[in-house]
Amino acid sequence: MAAVTLLEARALTRHFGGLRAVDGVDFDLAQGEIHALIGPNGAGKTTFVSLLCGRVPVQSGSIRFAGQDITRLPAHARVRAGIAYTFQITAIYARLSVLDNIALAVQSRGASHLAAESMAALDRVGLASRADMLAGELSYGHQRLLEVAMGLALRPRLLILDEPTQGLANSEIDAFKDLVRGVVPDMTVLLIEHNMDVVMDLAQRITVLNFGQVLATGTPDEIRANPAVQSAYLGG
Amino acid sequence: MTGNAFKVWALHLGVLAALLAAQFVLPAYHNGNLARIMVLAVYAMGFNIAFGYTGLLSLGHALFFGAGLYGMGMLVALAGWGAGAALTAGIAAGGAMALAVGLLALRTAGVSFMIVTLMFAQAGYLTILYYTPYTRGEEGIVIDRAARVLLGFDLSDDGVRYFAAFALFAAALLVKLALVRSPFGRVMVAMRENEERSRMLGYDPFRIKLAALVLSGIYAGAAGAAYGLLFGYVGASFASIQYSILPLLYVLLGGAGTVLGPFLGAALMFYLIDLASGITTAHLLVVGVALLVLVLFAPKGILGALRDRGLKWLP
Amino acid sequence: MDFGPFLLLALMEGLVTAAVLALTAVGLALVFGVMRVVNVAHGEFFMLGAVAAWFVTTWIPGPPAVGFIAALVLCPLLVASVAALADTLVLKRLNYDPDATIVATIGLLYILQQAALSLYGPDARPVEAPFTLRVQFPWFGYSGYKLAVIVAAALLLAGVWLLLARTKIGLVMRATQIDRETARAFGINVDRVYAGVFALGAGLAAVAAVLIVPIQQAHYLMGHDPLLLSFIVVIIGGLGSLRGTLVAALLIGLSDGVISVFFSPTLAKILATLFVALVLVFRPQGLMGRRAA
Amino acid sequence: MTSRLIGLTPSRRTVLGGLAASGAALALPARFASAQSAAPIKLGFQLHRTGIGAAYGRWYERTAQAALTLVNEAGGINGRPVEILFEDDGTDPKRGAEVMEKFASQSNCDAVFGALFSHVVVGTAPRAGELKMPYLVCSEGHHVASGKLNRWTLQPGITDVKSQVQAMAPWISSTLGKKVTMIFPDYAFGHDHRDAFVPAIQAAGGEVIEQIAIPPTETSFTRYLPRIPSDTEVIYHVMVGPAVLTFVKELGEFYGSGDRPQIFGFIDSLEAVNIASPGLEFLEGTHFWEGHCRYLQADAGEHEATYRAAVGVDDTGASVADAKDISTYAHMFSVWETLFILKAGMEAAGYQGPADRQKLVEAIEAMTDMPYSIEHPQGAKTFNGKTHQVFGLQYISKVEGGKLVKVHTTSPEDGMYPDEADYTAMSF
């Protein structure tokens, strides 16, 4: 792809004791793409994106984002720089209203019309009518949606979605896919996902991790055809 | 939304109006008590900013109260400063002390944060004793009546004292109300509710918590400085551990994370002890049992319980 | 006095402090280690032990040694049952939430103080030592009882160590400490373990108090200092680590005696307190503890 | 036990007010015909019932009750009965000031007295001044005479520390030795001792060769003792708080039966503690300042027995009801004497009600000589109206056979020092 590289990781490494969670990973994200990260359980996917967004400190290697070295940047500063992360386990503020939840994201990027822009962000995911409810009282699917909406409301350049469709009904998954398609190419999406249908449907490129290392990178078709991937993962 | 905003302002302005009117209605004894309670409520409000809103349970707030008290008192007694300048210095001292403690203590969290703040406060208390030649240690010093004149008003006069305490309280209450309804107030609550989530929304937990703690320290410092000026005494006992526990008690009783809770808690606790001392000599028991009952049966305090039972708009 | 004897005296004093402190702090560390509860009322259990010792020795006739030994057995049991009761009635119902238990133990602190004030009174009352023996060194005299306290505390601590390391009770406690839910799944009655640990912690404070009360006096406000010092020791030793706690008790006990020789004692206390705060900030695993993964 | 009384000695009848003659039964309104109002005079008593002052508080309450009974049996004040409202101040300055407000604004007391601990006094005095409430403290602190307080705060019942300490110096220097090591608590009370004693002993030809200040939070003292220089001739100790007994015992262990300097202490170190407690044997032969001799002395004055019976204290200074309950005998007389000064002041001022509070203060300021009497059982005193401070006799006792035996009585001049303040020049 000739597109501009938004993020590049080089020789990224993080060990926990003897466990090589992420082990010398090179990784590139092109601006505006939907990129999926897959791999068996324990392959190091969540650790890897945690290194990208700063939740886990980098042991060695480097990360550049939009031309800037962010390897040592703390997590909140990376968010400000344009990397948003939505949690695998839903991490909304259950005791605050839906509106407060979204407003926290909207005001973080310094919105000028906080109330209006918050409602607009809710409207985009169809939660506007529930603005005054406590977030904890939402259904699980709506909570996931709110989580994604908070990520979107930050208007990041890179949106990292950690297993966003987990526990969603099929109809909800379809709506979600539409939502993600709608944000590119303004944003770039990095998706960790177990649901292969979602991955193959959404992703333009796929990276496969195994034992903390990159097994393969390519288009969905290339990945499908890759024998190493098949034996390690798809073929089981 | 607008309906709620109206209710919120009506309630708080109503409370302020009632307090203002109380001066002319209540007997002298309760006037004196209310003046005291209002100043202590400012202290508790400051504690609430840290504990109730931001989730920082400090066991060392007496250090900030003491910084305000002694910052004001030493400047008046040793340097001959006027009340206004000394009051300002006391408030600044509270904030500066909170900044210094926060820079270190906020590297820890939870139980460690409690113990670190406790230790800093203990060191502060001992420092006051160490400088006994200047502070007169536990005996304390009297703030000369002549020095207790602010903008031409004699603070030792009962009426003036009441209005001074009221003015401080009203300012603190309104600032706090505006604060907790502001975007920053929302971020403080977000820190309390889920620090990691807030970090991943781009908020620096350290800076937010530090800002909240400094604000809290400014409130505590203002209360300390005002207490010394209004009641004419500066003593080490106000910096002892007991005075770190008091605001916690007030806030828990009235409702952590509520704007009026600290005042309600301070008033109830004051009269509880005052009345109990007429009935039983065992008022330590009253405090102890109150703490246990609260934490067991009403962990959210009075206003917190009301908020759960329908008054959702209560800030 | 020359420096040599001076140091000898400071060291002996430090050992007595360290011995009593170790017992008290191990109790606090145990409660924190297994239950993750910061027991602010720990000092009051210490006080309760001393006050109970006064009652027991006053009521039991005969030579002081008889009453003292009775106190050494009865008081820790009494205090331990008070603690077990508090655990069942209060802490358990709070589900051991850290913030709530701190507030609750502060409440407990006031209640115990008031109980002592009402039932025992405001006086500082002495308890007679089980024996009077004065060891005369060439430069100064020293209490033989104090030396006995060091030995007794060492024996008790060895007993605690045996209990934790070599018995089934210790195993159950450690299992609960590592994972409460798994322990429950293996059929351990976690509620009973917690009540037992809280009682044991309080009992250790009480036994320390009984040992010290012939040297100091029983007074209803005496719990403050042991609490603060125990906190310091437990923190320096690494929260919840028993070996670290023992080493820290020795360190604090000895240095407390020696430091105040060189500094103004009040200044020494300020520095020690600040030091502890800074240890928690910069080395939360304690001075002796290893950094956790 | 505190309410029992007491044969009044006829000779004091006049001082106690003319109505004493008419009997000792509790007053009936009809008997107060001469007074404008038969409503009782209300006195507030700041009581250290809890907190570190509690051991004193209990005995201060008993003493006040005993004096009150005596006053009322003799017809009250100005023909009106007297009542005392006791309110716990927790030995805390904040609560102390609140209690003052309660007395002034809620109970409308005529005067307030009884506080002992300095921080309570200093914390309360500003409020007393603002509320224009006569505040008679029983604290022995130098804070009154130093001029730091106000026109409404007086200490007419007990000599202040500065005077006490100064009065000891000549005797110590001439009798015990010239080279003194001081051991005192490292806070205001201890510093007052140091600041008063160092110049006084120099004036008497001695010197303080070492000062050992011990933090008030300390519970163990042995490690400070090696700092006592070996050429010390006299150890001067004054400690307060619950750990004092430990201090005295450890001092004993340190020196043992061997050679030791003379030891002179303030009885504050052992107030409310039995001198015959185990571990205190070494005190035999040492000396103590006593404000009022705890053990009944052979040459005790004519009122001593009456006073002891009234406050319920036996010949050894213990409670008559419980021999283990030792009184704070060296200080508690101040409460008794202060109540009688209030009575004398109110009668001299023709006190009618709260409007006359200023007259009461002026009447007390006008007092000078207070001769030995049942109203002043500790001894004769001289009141200095300018400094609001009374000056009296001090006693030095020696421990002999487990008892405190008086060996010296200071002369009034020993404790005099130049005025540091003139409250009468201040406004009300």
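Which chain is which? They are A, B, C and D, in the order written, and residues in each are numbered from 1.
Note that in this section a residue touches a chain if its C-beta (ideal position, glycine included) is under 8 Å from a C-beta of that chain, and two chains touch if they have at least 3 such contacts.
Since we're looking at a predicted model, the values are computed, not measured.
Contact with both chain B and chain D is made by C.
Seen from the Cα centre of chain D, the chain whose own Cα centre is farthest off is A.
Of all chains shown, B has the CA centroid lying nearest to the centroid of every protein CA atom.
Per-chain CA centroids place chain A at a distance of 77 Å from chain D. Mean C-alpha positions place chain C and chain D at a centre distance of 38 Å.
Inter-chain spacing, taken between the CA centroids of chain A and chain C, is 51 Å.
Once the centre of each chain is set as its mean CA position, chain B and chain C turn out to be 33 Å apart. Across the assembly, chain B contributes residues 126, 129, 281, 283-284 that each touch 2 or more other chains.
With touch defined as above, residues shared between interfaces to two or more other chains in chain C number as follows: 117, 264, 266, 269.
Here, these are the chain pairs in contact: A-B, B-C, B-D, C-D. Residues 38, 90, 93-94, 98-100, 102-104, 106-115, 117-118, 228, 231-232, 235, 239, 264, 266-267, 269-270, 273-274, 276-278, 280-282, 284 of chain C are the ones that touch chain B when the two sit in their complex.
Those residues of chain D lying in contact with chain B across their complex are 49-50, 87-88, 90, 92-94, 97-98, 101-102, 104-106, 118-119, 122-123, 125-127, 129-130, 141, 143, 148-150, 186-189, 191, 215-217.
For chain B in complex with chain C, the residues that touch the partner chain are 57, 59, 104-105, 107-108, 110-112, 114-116, 118-120, 122-123, 126-127, 129-130, 245, 248, 252, 281-285, 287-292, 294-296, 299.
Residue ranges on chain B touching chain D, taken from their complex, read 27-29, 31-33, 36, 126, 129, 132-133, 136-143, 145, 156-158, 231-233, 235-238, 274, 277, 281, 283-284.
Residue ranges of chain C in contact with chain D, taken from their complex: 1, 5-6, 9-10, 13-14, 16-17, 64, 117, 121-124, 126, 128-129, 132, 134, 136, 140-143, 215-217, 219, 221-222, 224-225, 257, 260-261, 264-266, 269.
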